[in-house]
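What follows is a structure written as structure tokens; I'll ask about it next.
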Amino acid sequence: MMIIMRPGAPREQIDHVIEHIREHHLSPHVIEGVEQTVIGAVGESHAISTGAFEGLPGVLAVQRISQPYKLASRQFHPSDSVFPLDPAPLRSGDFGFSVGGEEIAIIAGPCSVEGRAQLFEIAQAVREAGANALRGGAFKPRTSPYAFQGLGEEGLQYLAEARELTGMPVVAEIMAVSQVEVMTKYVDVLQVGARNMQNYNLLRAIGETRAPVLLKRGLSATIDELLMSAEYILSGGNTRVMLCERGIRTFETSTRNTTDINAIPVLKSLTHLPVFLDPSHSTGHAAYVAAIAKAAIAAGADGLIVEVHQDPAHALSDGKQSLTPEAFAKLVAQVRAVAEAVGRRVTTVQVRAR
Amino acid sequence: MMIIMRPGAPREQIDHVIEHIREHHLSPHVIEGVEQTVIGAVGESHAISTGAFEGLPGVLAVQRISQPYKLASRQFHPSDSVFPLDPAPLRSGDFGFSVGGEEIAIIAGPCSVEGRAQLFEIAQAVREAGANALRGGAFKPRTSPYAFQGLGEEGLQYLAEARELTGMPVVAEIMAVSQVEVMTKYVDVLQVGARNMQNYNLLRAIGETRAPVLLKRGLSATIDELLMSAEYILSGGNTRVMLCERGIRTFETSTRNTTDINAIPVLKSLTHLPVFLDPSHSTGHAAYVAAIAKAAIAAGADGLIVEVHQDPAHALSDGKQSLTPEAFAKLVAQVRAVAEAVGRRVTTVQVRAR
Amino acid sequence: MMIIMRPGAPREQIDHVIEHIREHHLSPHVIEGVEQTVIGAVGESHAISTGAFEGLPGVLAVQRISQPYKLASRQFHPSDSVFPLDPAPLRSGDFGFSVGGEEIAIIAGPCSVEGRAQLFEIAQAVREAGANALRGGAFKPRTSPYAFQGLGEEGLQYLAEARELTGMPVVAEIMAVSQVEVMTKYVDVLQVGARNMQNYNLLRAIGETRAPVLLKRGLSATIDELLMSAEYILSGGNTRVMLCERGIRTFETSTRNTTDINAIPVLKSLTHLPVFLDPSHSTGHAAYVAAIAKAAIAAGADGLIVEVHQDPAHALSDGKQSLTPEAFAKLVAQVRAVAEAVGRRVTTVQVRAR
Amino acid sequence: MMIIMRPGAPREQIDHVIEHIREHHLSPHVIEGVEQTVIGAVGESHAISTGAFEGLPGVLAVQRISQPYKLASRQFHPSDSVFPLDPAPLRSGDFGFSVGGEEIAIIAGPCSVEGRAQLFEIAQAVREAGANALRGGAFKPRTSPYAFQGLGEEGLQYLAEARELTGMPVVAEIMAVSQVEVMTKYVDVLQVGARNMQNYNLLRAIGETRAPVLLKRGLSATIDELLMSAEYILSGGNTRVMLCERGIRTFETSTRNTTDINAIPVLKSLTHLPVFLDPSHSTGHAAYVAAIAKAAIAAGADGLIVEVHQDPAHALSDGKQSLTPEAFAKLVAQVRAVAEAVGRRVTTVQVRAR
């Protein structure tokens, strides 16, 4: 049962509700969002009437959510979540577009930040091609301990500079709780990679921040498990969670992964959170990226994240699946046409004055 | 090595080439197509020069094909295969459209033919909604020996009548070699179901016919295996093979199968054969069918096959994934918009005068 | 509901039961076994009391089976099915051992029968090493239409000769309904391959015979689907069905397939039919076959089917996974030790006088 | 290339080798083991002769390892790794047995430590039944943020007390870098769960400790990826890594996971590290645990980890797959017989005097 408090409900009203929850032998989970406080009452609640809480002072509404994920479910939040990607302390709407609504977000950039010049060149190229956010990895999760592990904080600094240069919000992967501080200092959107989708300590730490999050589906995670991982972040009070299908592991070896395109309409029906697709990882081959990007938008995705490199053959990671800036520009033009056919549009990011 | 004979090359020239193949310790496979004869020379051919065959009388060209499937590969046939769905003895182009070219084929109808009135009602409804071919099962492969197994020949008769009524070609599943005669008597397109994708005796028998074939991918067949199964049919001289992705089996249980949308661009790059998608089986839920149908066309598919029933709740099979005629009409309108965005179009079938 | 008739119940009693079934709006399925007739009453039977049939003349018992497979379930037949592998017209117990009881069956031999001398050499070698049945393929299901397709009837003749020579029953794969006659003429056990597990027309045809059947699990078939396929055969009245796990298709590529060892105890709990494992196909590498053979017996399997070749490097098919006779002899010795540790034994076949 | 230094090689010799590595444009990775220092030279090394390093002062040997995992490979360490489970500061061999050799380790205990009395009761029961190590979770990775998350440090204290009581080493799961200190204070073996198999920051932190590690395979991790994750730990100088197959995710739903029994012989051929199997998670049903435990030992596993609970129906987690102490005692007796059949033995732990 989810008990939604009125905006600005004072602490004693919250405490009073918590007490009531305990009296009914349930566990209280207080979720302090930016706008409202929600108190989950978890346990054997099916025999308890919602009326037991509806009359309490400060209570706005009481909802019974049948699914194991609560805050992530459409039952809890029937309309689509629409939000800007600005970091919390800045003013809202700053980058000139929102995700989850009519606008399609296209995040593009290199797999790894390899250097300042490389990043700036790609950043400007993808900006001109029509991307509205920039990706780049500074901490890289590599299968081998002997492979290039990313530039670390230096890479983050370049990303922050690229944001100033292009006006695009920057997205980078966070791998560990110890990186939360440095990551939120430099980047706008925290990406949780597939390998960390069930790193619950990391999810909880990110839930404590107020930074937008791009949560990637694990290689063999079910859709329900992805939503449960989102719930870990949401239950910390961080409401700006985007989900990202990036291919699942199956028997088929002609592509790196299998794009679970079904996940797009399934997620859109189960949750109010924006849904992205990463056609670079979900196919693993540059030749198939545009086709799958178009398919994602046709199926109802709210955004894409695409790997672009000025010299894929010499990229330090993921070269095989990276598009050249020219190929990416074609992709954006094609995606734009499909977006319009399904009543959406690709917004060009506004260069902001700061 | 594939040795392509000139059109009309006499029997003795063919025999002469065969003799030469044997002298090089290779196995000859003669493939007598409608327009030309191709002779495969299979075995350790990499050390043998194409020149060994190029000068022989009647030889038009000699090709080395690196892939295990030969006639199905783009190396062998670089341009897209485009063909009408008319049964061979009738005149070509009869139904007013072709598959594999600019036009998108939309095959729709009930999972099973349940009776004459049911079939006619659905046939007219999908025709009006914009379908250009009719599907319906008369022999049903059912997991349980105790389940409804289809109306058999009676169902085929209704399908033939529905073709007369609507002008649409009819598609039905063939399950056994013993059904070849009755199937080709009544229906236009032979569908090979997922369970029979590697029923090689059936594939060979179909290769002997000249009927268009819709070959569905097996539940756990790789893309290469699908192409090898197509090769069984092509090597019998039947060139009108359409491939159909219908979902593969993975760990994800929120949908009946996982639509392998990657298979669309992968197949389009490897083969010249038209590629279809069956969003009804690949999702298993009516609610997700339209989203995946749009995704398929955006990704480059040449056609769709969709289950439609006037009363899904009471269908004898596959009710959960069947669309109502109204939902199907909406799907066609949406698919039409996406098709135009990617430079294709949905043709309305012409009612033919016979 | 399954209605078991008394042995020798006359036709009119059976017809009377059928009539009663129809009066209750259920479908009758008459299964004429060697010893007794069982009549399935399929449909919405949960509201009908078993008493409706228990009193009818000739009825021995009435059982409600909750699972979709009926004759294959342990509910229907609580004790293990134990039977010899002799073809029906011969006398029972002829080969000196039974499957499904305390004795472990070890079927061994080449993937393909390549010639008389090759087969006889392997047959004698595996006989000496401790095998108690001989396998060999005469009709081969090959992914490529251009690959070696087996010796056909000639191969079957060699198998029949090898049986005379060694006293071992012979097992070969059947691929098509049209092969039933020739197969039952020469071989003792009909093997249904993974690709044909849901070739329902073939299963029905085999159900009409009285030959023992080794039914292999499809590459991506669930355990329930395997049991439903067995039901197709059983419902034709053929009760000697053996199930065979041979590896399923997963993401793991270090082995050809993934041995689903769990399937052994799961099948033993759900069904009374004997359960085999094929470690050659389930691993695809000779180096791993013995370990998995031991595991199968430790987990409760009733038998093994193993590929053996005198010269694996030059085998016409499956050489990589074939054991040499020496390696196979070691496997048998190790399996014998494990079998004894779990209360089973490997019987050496008796050379029979004919 | 792996450059193995002589035991006790002084710092300047190591530095000299590093310098030489850099001169050949390779990256040096210094791995300081308890007994010897190994320096990996990573990069384009195939054109460089091993002679370039063999003559340098302090160098014992130079090895070329073709696999991406180096320290984990059998090429690097041909004989089996055999080691005791004692925490590093204590004297070796303390618990009276080693893993990886002739002795089979059987780790048993509850999924979660639920309280002192519960843990002690199970600990004594599994000790009597023949277990030689105790498992119990204090930090629990749960899919839902609202589920029981474990007792934390309190649970670890109970585990340490249970070790004193029973003389068995204790195994518990570590979920985060921040838990390294408290975990190594209380427990003997650090378990890395399936969800954290690719949490590289955690693996690196564990590589810095000298505690034995039980590294579980991820739900959809390949065998190669498991070995790469082991390499992360080994490259930190921690050599006591045990690998654990715990079931992979496939399409089959009759069991919680699919036990990849093939992984046992495959791992034993690729690596020198001990290999365990967790039949509780790999099946998910108490009824199948003993069969799979026996299969694991027959296939060559070095140990088992089994969930046992005195009241499975009321366990706070994983009750369905937990054995009662009685069922566990039967499992040990059966495993003992199979172990002897394959030349291994189950050692009873010695109660140690401290």
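Points worth noting:
In this document, chain identifiers A, B, C and D correspond to the written order of the chains, with residue numbering beginning at 1 in each.
We adopt the following convention: a residue touches a chain if its C-beta (ideal position, glycine included) is under 8 Å from a C-beta of that chain, and two chains touch if they have at least 3 such contacts.
Nothing here was measured: the structure is a model prediction, and the numbers come from that model.
Here A-C and C-D were compared by C-beta pairs in contact; the pair with more is C-D. Ranked by how far their CA centres sit from the centre of chain D, the chains are topped by B. Per-chain CA centroids place chain C at a distance of 39 Å from chain D. We define each chain's centre as the mean of its Cα atoms; on that basis chain A and chain C are separated by 51 Å.
Look at where the CA atoms of chain A average out and do the same for chain D: the two points lie 34 Å apart. Contacts with at least two other chains are made by residues 220, 249-251, 253 of chain B.
Residues 220, 249-251, 253 of chain A are the ones touching chain C in the complex. Residues of chain B that touch chain C in their complex: 27, 29, 40, 42, 68-70, 141-146, 175-178, 195-196, 198-201, 204, 218-220, 225, 228, 231-232, 235, 249. Interface of chain C with chain D (complex): residues 220, 222-224, 248, 250-255, 258-266, 268-269, 282-283, 287-288, 291-292, 294-300, 334, 337-338, 340-342.
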